[in-house]
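Order of writing sets the labels: A, B, C and D. Residues in every chain begin at 1.
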Amino acid sequence: MKTETTEILKQYNENLQNYERLAEDVEYELIKSIKKHHIKTHAISHRIKDPNSLLDKVRRKKLKKPFEQIHDIVGFRIVCLFLPDLQEINKIIHEVFEVFEEDDKINNSELNIFGYMSLHLKCRIIAKKLNENTEQNIPFEIQIRTIAQDAWAAISHYLDYKKESVIPEQLKRDFHALSGLFYVADTHFSIIRQEQSNIYFEKNEKSTTNQFT
Amino acid sequence: MKTETTEILKQYNENLQNYERLAEDVEYELIKSIKKHHIKTHAISHRIKDPNSLLDKVRRKKLKKPFEQIHDIVGFRIVCLFLPDLQEINKIIHEVFEVFEEDDKINNSELNIFGYMSLHLKCRIIAKKLNENTEQNIPFEIQIRTIAQDAWAAISHYLDYKKESVIPEQLKRDFHALSGLFYVADTHFSIIRQEQSNIYFEKNEKSTTNQFT
Amino acid sequence: MKTETTEILKQYNENLQNYERLAEDVEYELIKSIKKHHIKTHAISHRIKDPNSLLDKVRRKKLKKPFEQIHDIVGFRIVCLFLPDLQEINKIIHEVFEVFEEDDKINNSELNIFGYMSLHLKCRIIAKKLNENTEQNIPFEIQIRTIAQDAWAAISHYLDYKKESVIPEQLKRDFHALSGLFYVADTHFSIIRQEQSNIYFEKNEKSTTNQFT
Amino acid sequence: MKTETTEILKQYNENLQNYERLAEDVEYELIKSIKKHHIKTHAISHRIKDPNSLLDKVRRKKLKKPFEQIHDIVGFRIVCLFLPDLQEINKIIHEVFEVFEEDDKINNSELNIFGYMSLHLKCRIIAKKLNENTEQNIPFEIQIRTIAQDAWAAISHYLDYKKESVIPEQLKRDFHALSGLFYVADTHFSIIRQEQSNIYFEKNEKSTTNQFT
């Protein structure tokens, strides 16, 4: 066991610089391509998994080849404003990166189930774009969520609502209900944006029409 | 088929007076016993299933012995104010009637599922209380729900959100999310009631203590 | 004071039968005309002010001519399903009755204020429709609200959230916030109804078109 | 006007390095002292007003001495998880900085008004702590809000719900209602945290008691 740990840490440290370069490159690419599509985001950030949580995961999941089996050593989070942005950003990411796994914890669950909502993509840099000396085909994970989904996730993570021992059933139900409440807020904001944009176009059409009368 | 229909209608009409008497007796009993426990309700009402929906149900479910198999020809709805009232009223009903089936569509579903919420009890009048000439052991159903649960149920029923053909998935998810939103409101009102009552007791204790100093 | 009380009770009792007849007539008219416009309501009900609360109001407001100054001895409540129904029902009432005062506690408040929401109309039966022997030009009040607004009003009334002495500021703010929450639910349900109806019309148009191809 | 603009830009550029140093120093201090009090935050960030929005503000408000009259050239935002954290962080800031103006857009508004919610503090570094060569007594602004309040603010800012011309009254009311909805979520999460902590202490007390039996 000890040798294994040492070996993992050794490899992690050897890769660290590559992780950091990858993080910077991908974040730059994300910001640029999302901006190009005129989508306003609330936050784009990254983190490199610290060695302790890497080792934890290896032990917990009894992984034999951690650097092939763990895909979120380099992780990104994109917090957007509106529900429909999620799919737009998803599409952009499919264009700029190779997505080898997709987990949609928003639309893939049953219609009546509410809880953690986020869109997770496991990606790699597209081969021909690879910067020779660096990224060595390292996988990375991108999480996309709205700001309301992020609020729920952050608070739930803090309260650790999953711990069986600590929270009574009734409070757990409250948690999930609050996810429903945030979902209502999210769809409501989208509707307002839609209506606002309809009004704007109507006005513009009218004024365009008026120009020629 | 026709003879069957005629037979069902004949029996329904023969029973109608008993249904009405039962409805009045049970409603009177419900109002009296709930009041005795100082629980404020928003509404207590009953309806007798009309013959057409009875026949519909017989056909839809291919029932051979409708008067034994259908238990909600006489139905009651109790709309209360607070979530904890549901269980208190449930307990009262178990005391005054024989409950032969209980369907708790609130606490028995998974913690993360939201939708129709109501507590349904299938009951009979307790044998020794039977008014000789009347109720003939007719079963009846009592639905108990909060006013917020009732709001959701009424609007959903109107919009018939279950119809596969009419509503897109996304709107259906909204419906269930709104059930979560109403659940948050319900638990929140209960918390306010609890806090208010704590404050009240604290004040009363203080003033009682003061009396003797 | 005593003579005054006796006098008020005497007149109240003399009028009681008229109040009851008025209540029945108006309720019948409300049900009929709302149904004619194909608006589904959740509940239509009435109450006649009991003599004690009448006397209370007279004292509290120091009224000299209570039967002219109090307009809600006969009161009606219409609970509808959707926000836009409020204005439709309002319009209907203006057609069938003489409305001499209107208090819109929904749209007339500031856009950022939330609390009790209801539409109150003070009415009289239109002269030419008067049933000679009865209603004697008695005013009456009609309250119109959605089922979600009704839920808030019922619970708030029970908890008596206005009592300065009992509820801390923070809980009072919660109450008003819950009014906002119910308002979001109300507008959301209206949007779903609208979208559903758009989908329905699109389908129908298509199928009509298809008929002729 | 032109000379004035030139003069402002000149002074801004001369100060820029000080702004940046101040930003770093204050952010470091904020992170350190909040951590010392074991309060988990969602994000702590700063921004330096860019010269164009500075000039805008000078013109809009017709300011004669912009560098004395504008206090948010250096601005910080602390996004916390729970409502009660706001006051705890407020207290901490009063201890580490000189607060010369406080604007509580959460508790100081009427109980029934909902909209933008944030706690704004105008601060200076306490004289004796001044790093001689740097901060020159520059004022700065700290905004403190919960993650739910931040969600509302970000989306509202994007949709620019204040623009009179673009959004109909009804949608504006929706905005404010959504602020109420987020407030319910915020208080609800605080209640869950409180209950969870009560349960935790009860358990711990019991296990401590058990040790000695």
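Note that in this section contacts are C-beta pairs under 8 Å (C-beta built on N, C-alpha and C of every residue); 3 or more make two chains touch, one makes a residue touch a chain.
None of these values were measured; they are calculated from a predicted model.
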Minimum number of chain-to-chain contact steps, subunit C to subunit D: 1
Chain pair among A-D, A-C or C-D whose interface repeats that of B-D, sharing over half of the contact pairs by residue number: A-C
Interface residue identity across copies subunit A, subunit D - same or different by half: same
Centre-to-centre distance between subunit C and subunit A (centres being mean Cα positions), rounded to whole Å: 48
Inter-chain centre distance, subunit B versus subunit C - centres from mean C-alpha coordinates, in Å: 26
Euclidean distance of C-alpha centroids - subunit A vs subunit B, Å: 43
Subunit A, residues touching no fewer than two other chains: 174, 178, 181, 184-185, 187-188
Graph class of chain-chain contacts, one of line, ring, star, complete, other: complete
Complex interface listing, subunit B residues touching subunit D: 181, 184-185, 187-188, 191
Of subunit C, residues touching subunit D in the complex: 110-115, 169-170, 172-174, 176-181, 183-184, 187
List of subunit C residues in touch with subunit B within their complex: 40, 42-43, 81-82, 147-148, 150-151, 154-155, 158-159, 166-168, 171, 174-175, 178, 181-182, 184-185, 188-189, 192-193, 195-196, 199-200
